[in-house]
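The same chain A turns up in both complexes below, where it pairs with chain B and then with chain C.
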Partner chain A sequence: MRRDLPTLLSAGWLLAVCVVSITAPMISNSSPYQPVAEPLTPPGQHFMLGTDALGRDVWTRLVYGARINPGASLLATAITVTIGGLSGLIAASISGWLDRTIMWIANAMLAIPGLLLAMLFVAAMGPGLPTVILAVGFGGAPGFARLARTIFQQVRERGYVTAAKALGAGRSWVALHHLLPNAQGQLLSLATTHFAWAFMGTTTLTFLGLAGDPSIPEWGAMLNTGRAHLIDAPWLALFPGLAISLTILAVQSLGARLANSESK
Partner chain B sequence: MKSRLQDLTLIIALFSILFLITAACSKGPEETSTLVYGLTLAPSGIDPHLNASSELGIPLRSVYDTLVFLNPETGKFVPGLAESWTISPDGLTYTFTLRRDVTFHDGTPFNAQAVLANLNRIRDPNNHSQKAVFMLGPLEEVELIDDYKVAIHLSEPYAPLLDSLSDVYLGMASPTAFETWGTAEYQFHQVGTGPYRFVEYIPNDRLTLAHNPDYAWAPSIYYQPQADIQNIIFRFYEDSSTRALALESGEIDIIGEVPPHEASRLSVNADFTLYPVSIPGQPMQFFFNTQLAPTDDVMVRRALIHAVDRQYAVTTVFGVYSVVAQSPFLASTFNLDSQNPTPDYDPKTAEALLEAAGWTDEDGDGIRSKNNIPLELHIVSPPWGSNSEVAQLIRADWEIIGARVTLEIASGFGPLKEIQTQGKYQAIGINFFGTDPDLLRSFYSSTGLYNWTGFSDPKLDQLLLHASQTSLDPNERLRLYQQFVSHVQEEALLLPIRFYVNLVVASKRVEGLHFSAQGWYPILIDLRISH
Partner chain C sequence: MVSHSDRPANIALATVTRRLMEGLLTAWAAVSLTFFALRVVAGDPVASLLSQGLASPEQVESLRRSLGLDAPLLIQYLQFLKGFLRGDLGTSLYTSRPVSVVIAEQLPATITLALTGLGLALLFGLGLGVTAAWKEHSSAGRVAARLAGLATALPVAFTGVISLLLYRYILQWFPSVGFIASRRLFLPAMVLGFSSAGAIARVVQAGLFESMRSPYMLAARARGIGRGVRLLWHALRPALPPATSLSALEAAYLLAGTVVTETVFSRPGLGRLLVSSILQGDYPIAQGVVALAALFYTASHIIADILAFLIDPRLRKVT
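So, the complex of A and B:
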């Protein structure tokens, strides 16, 4: 992979988020739930990023949020990749009625935007972080399944697969020994771009207050509560907003880089 | 293709000119006598006899008159549609003599038959009244003595009856109108006798009132005999962060429930006036669940009250506009807040109480436990009125004394009720407004509809029932309710936060703004617009 500046910056930001999330209790000495100072203290010497309307340290909450948002999105992506990838693999390796049925279901679900699907899911299950993760995970699955199927189909048409089939290899053997290993790279870059979508999805749902508990130090909810103080305390919305945008940007550009190097 | 594009441009240009002309025309002389009032909630139904929202009274209090009115300054009842009334010595019969000069907005006369028709409509079980029917208490029979005299017979004494009859939910509507439109449609065609006429209601968009030029029966609590402003349009602003902006942009002239930090900002602005209005009733409060461990133990409940810095919560969330509540009820006529205050913030005592109750942190992980069961607390909060902000601070305070706390915000009244029914909570927030303390009965008597503490004590039930029946002596009622408060404090059933103060902000051009005894409802007849 050629080193270029956007890739370096993106990787740097994501690394920083990872480090911060692991070392959260060390780099901040207060609890994200406890008020520490006068409410709406502006950013300054004692409180780097100021305090929120309830007097909690914004820096501490952002730092603990680095554990929640990326973690939640990772879990959601894992659900999407597992369900979507598996159905894509099944559809590609067993063509015929099963392929048509799976794709018919995926297309029907794609008629509803993924985020709307996720919202419907949360509305039915009741708010909460686990529900949000499941919702975004399931919401992304139909789209992922379709793309994964295309990738598997491309691999399926390659010569060595035809050769293996000619030698009498079964469908599942081909799927596990040829399709899956050879589609890995493309699947990974697809998953990376999907992670950006999942990140956006989870923060959108928590922004809408669907995480249930507003005291959880979570970036989407922080951005939402900051909205009420845009005039008198703009830092409340600014910092979580930046954290969300930078993370999405970083993941997107890494994903694009990955896809590029894959196609070369 | 090109000519079609030109046509389109021409059409757009013509439309913009037309629009400008109509816009210019609408700014005629009557603009000064139209007022726009912002509402903060779009209620699901606005029929006062059938629905329960406080918001509906803001416009409709001025569409309807009531038999009596409650004077917000003296706490005494004054004549309304009834020019006089008598109460029998046993407190079972209220006889009202009605005014003879009153007509509804549709021209039909107001008389004893109309009162009967109204009360029958409220009591009709098919109409499923959510509030008004409960306000009538043990009403047994309505008797027509003559055309302008009506007697209400009760099966047992019921002190809050006059208070109920003074509220908009028992406003007198035209029987002709509700018979014409039927139960479901009447809310869009309401007809009363008040200083304003109902013009139209488009849900989620607007509600329009026009002044009633025939109004000649204003009660003594209204300063002016006739409405000054011709039209009042009500619009909905459910998102609290948009309310101040709507005022500043000139979209609306008045709005309530402005967030405290915005209210502070606008109060120093020369274009606006801030009116903090105290709302009588229950405070913002969290009830402890006495049916579920660990809050089934009164020691734990006391510890949890001591652990919360209520002063910090009130100052942080409500700024300078509210004081900490000490008791379960406050109204100008029933001040139960001065006696028996709720225990103060004292985390040391809280921890000592928990130790004494057997909750200790032996493994040093910061979480107390008893018989290997950790001290876990689940708080459920309604979404409205800053409840969730206060709940977050309560959560923080309870964590400090060694509890593991989870917080859940219900998305509306329905979900809140559902969680309550499942019973999996240690503390839950709910409060009602009202001028008579009898509303406490549904919260604290064993069989009460809102007995969310699950607490049951025949002594308390007896006390509340007795207080509702000693109708003729307000001092005796006050004494009984004080006894009730000390009982409730002893059992540590609730964590009171603050009594509600509605922050109403109005443009400087609005004059004469004052409110009914219930606090929520502006007296629209007295509003004026300065030029």
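So, the complex of A and C:
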């Protein structure tokens, strides 16, 4: 049982984040945008985690951020899995020039580190939270496509695929009825690992101020504005930073666990 | 008679040449990508000046002509490539200064930070990896393995802030630390190095784990060679090539890491330049920085492969 403690803690933290994000207005009755007290009030009886430089409740902003950050990363992951998974599936089921072209494009994109690739897309589309989500989604796609292709190729070599082909199954039938369903487990564990990357990516970009509006109750932007008050109000940077780190650690630990059970 | 191309030196040369050609192709594709991503996705880069009210329609029109934006996309692309090969990356939309000059100004600061970071990453990575493998069954080894895991997981933005906080508290108690741990270079480099150390440590640990169970380790032990020598010479050497190639790749990722580190520590450099150019919509600068990073990444990829080839004689036989 002791071996499972990290898994339990990770699942617990992620569950708490989910619950908090759904019940945000019930947990906190103040607005994440309106000042509630003197600026930079330390954590205490009235304000559990203190207030920020504009007098807004840090706890409330963190709670509402639980809606934005995981949601944004989930959307970015969905974009990556759709684009990357589809290109991987196409590349694996139609080998030949199309496979080579797709992989060549993916490799060229991989010559730019993922974070910089995402920043390139933000540069093209202009700053903003939707842009950040799209950019992280696109930025992760080439790497995901390459890994997904390998998974599909492994499934392609199995006996039942050869049998289906011998029975006259076409490429798209094999892709949809054999490759996709049988790669599901591995793809899911790949997507979980990728979610951690997407979470790191979105919070890093918003930390850099690329989400535009700094008033959004968002963990990365909160960490960034907290930097200005490291001496007089360290809690401003500490709590959002902790929330980000705990979420990444939890997802990674669950992802590793999932990959382990998948390989057994 | 042995044919000319079968001689080992020629095989090595052929491999290196092939790798260089591949690298050039990748670099060209990546640089082209920076061009097309911005032109195709962004549409008209000058339009943002107009919408921000920074220029009148006539000014925008003349700027567009002077930037060559009225030409067809293919012509623009060829002109971009021609300029790129001569080191001309265009001019900033806001200051009208050449992008190459602006980048050259910021480059030394980033290179210093990245290299110091890489050195510390190797130091931390080797230290953590060796400790984790050597003291596998004691608490020191477990702590090292846990630290390596944390290093890869924790975002640089958070470790940076934590290090700044710790630095302030330590400074209160031991003011002299400030002289040694210069806030401008040492602290950001530590944070950067720590973030890359985790991956290196993991590779070193895995390599050691494998080689420590090899028969030649038993043979070395039978010859009466001490444990430390066995570990650091016999076991570590075969574990180094993968760690070396990884470090060269980490060097490229450090460049991306500097973007965050420079922001956390308010340090000038390419990363800050990239962020501010994106926020301002100054696309030639953003494009230049990312293209440079792609070149750097491809180059370190090639160097990594060649290094592995030179260090590990086993690779030379399989070409």
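By definition in this document, the second predicted complex is superposed on the first by the 261 of 264 C-alpha atoms of A that agree within 3 Å, B and C clash if a C-alpha of one lies under 4 Å from a C-alpha of the other, contacts with A are read in each partner's own complex, and residues count from 1 in each chain.
We adopt the following convention: a residue touches a chain if its C-beta (ideal position, glycine included) is under 8 Å from a C-beta of that chain, and two chains touch if they have at least 3 such contacts.
Since the structure is predicted, the reported quantities are computational estimates derived from the model, not experimental observations.
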- Which of chain B and chain C A:L98 touches, first, second, both or neither: neither
Between chain B (first) and chain C (second), which, if any, makes contact with A:D232: first, second, both or neither?
first
### Message
By the touch definition at the top of the document, which applies to A:L15: first (chain B), second (chain C), both, or neither?
### Response
neither
Winner on chain A touched-residue count between chain B and chain C: chain C
Which holds for A:P127: it touches chain B only (first), chain C only (second), both, or neither? both
Answer with first, second, both or neither: which of chain B and chain C does A:A163 touch in the superposed model?
neither
- Is A:L249 in contact with chain B, with chain C, with both, or with neither (first, second, both, neither)? second
| message | Under the stated touch criterion, which partner chain does A:A53 make contact with: chain B (first), chain C (second), both, or neither? | response | first
**Asked** Where does A:I27 make contact in the superposed view: on chain B (first), on chain C (second), on both, or on neither?
**Response** neither
Self-check item: First (chain B), second (chain C), both or neither touched by A:D213
Solution: first
Chain A residues where the chain B and chain C footprints coincide 126-127, 209, 227, 230-231
The chain B residues in contact with chain A across the complex are 240-241, 259, 261, 265, 312, 316-317, 388-389, 391-393, 395-396, 399-400, 406-409, 411, 415
Counting only contacts in the complex, chain A reaches chain C at residues 104-105, 107-109, 111-117, 119-127, 196, 200, 203-204, 207-210, 220, 223-224, 226-227, 230-231, 234, 237-238, 241-242, 244-245, 248-249, 252
In their shared complex, chain B is touched by residues of chain A numbered 31, 33-35, 39-40, 53-55, 126-127, 209, 212-215, 227-232
The residues of chain C that touch chain A in their complex are 26-27, 29-30, 32-34, 37-38, 41-42, 48, 150, 153-158, 161-162, 164-165, 168, 252-253, 255-256, 259-260, 263-264, 274-275, 277-279, 281, 283, 286-287, 290, 293-294, 297-298, 301
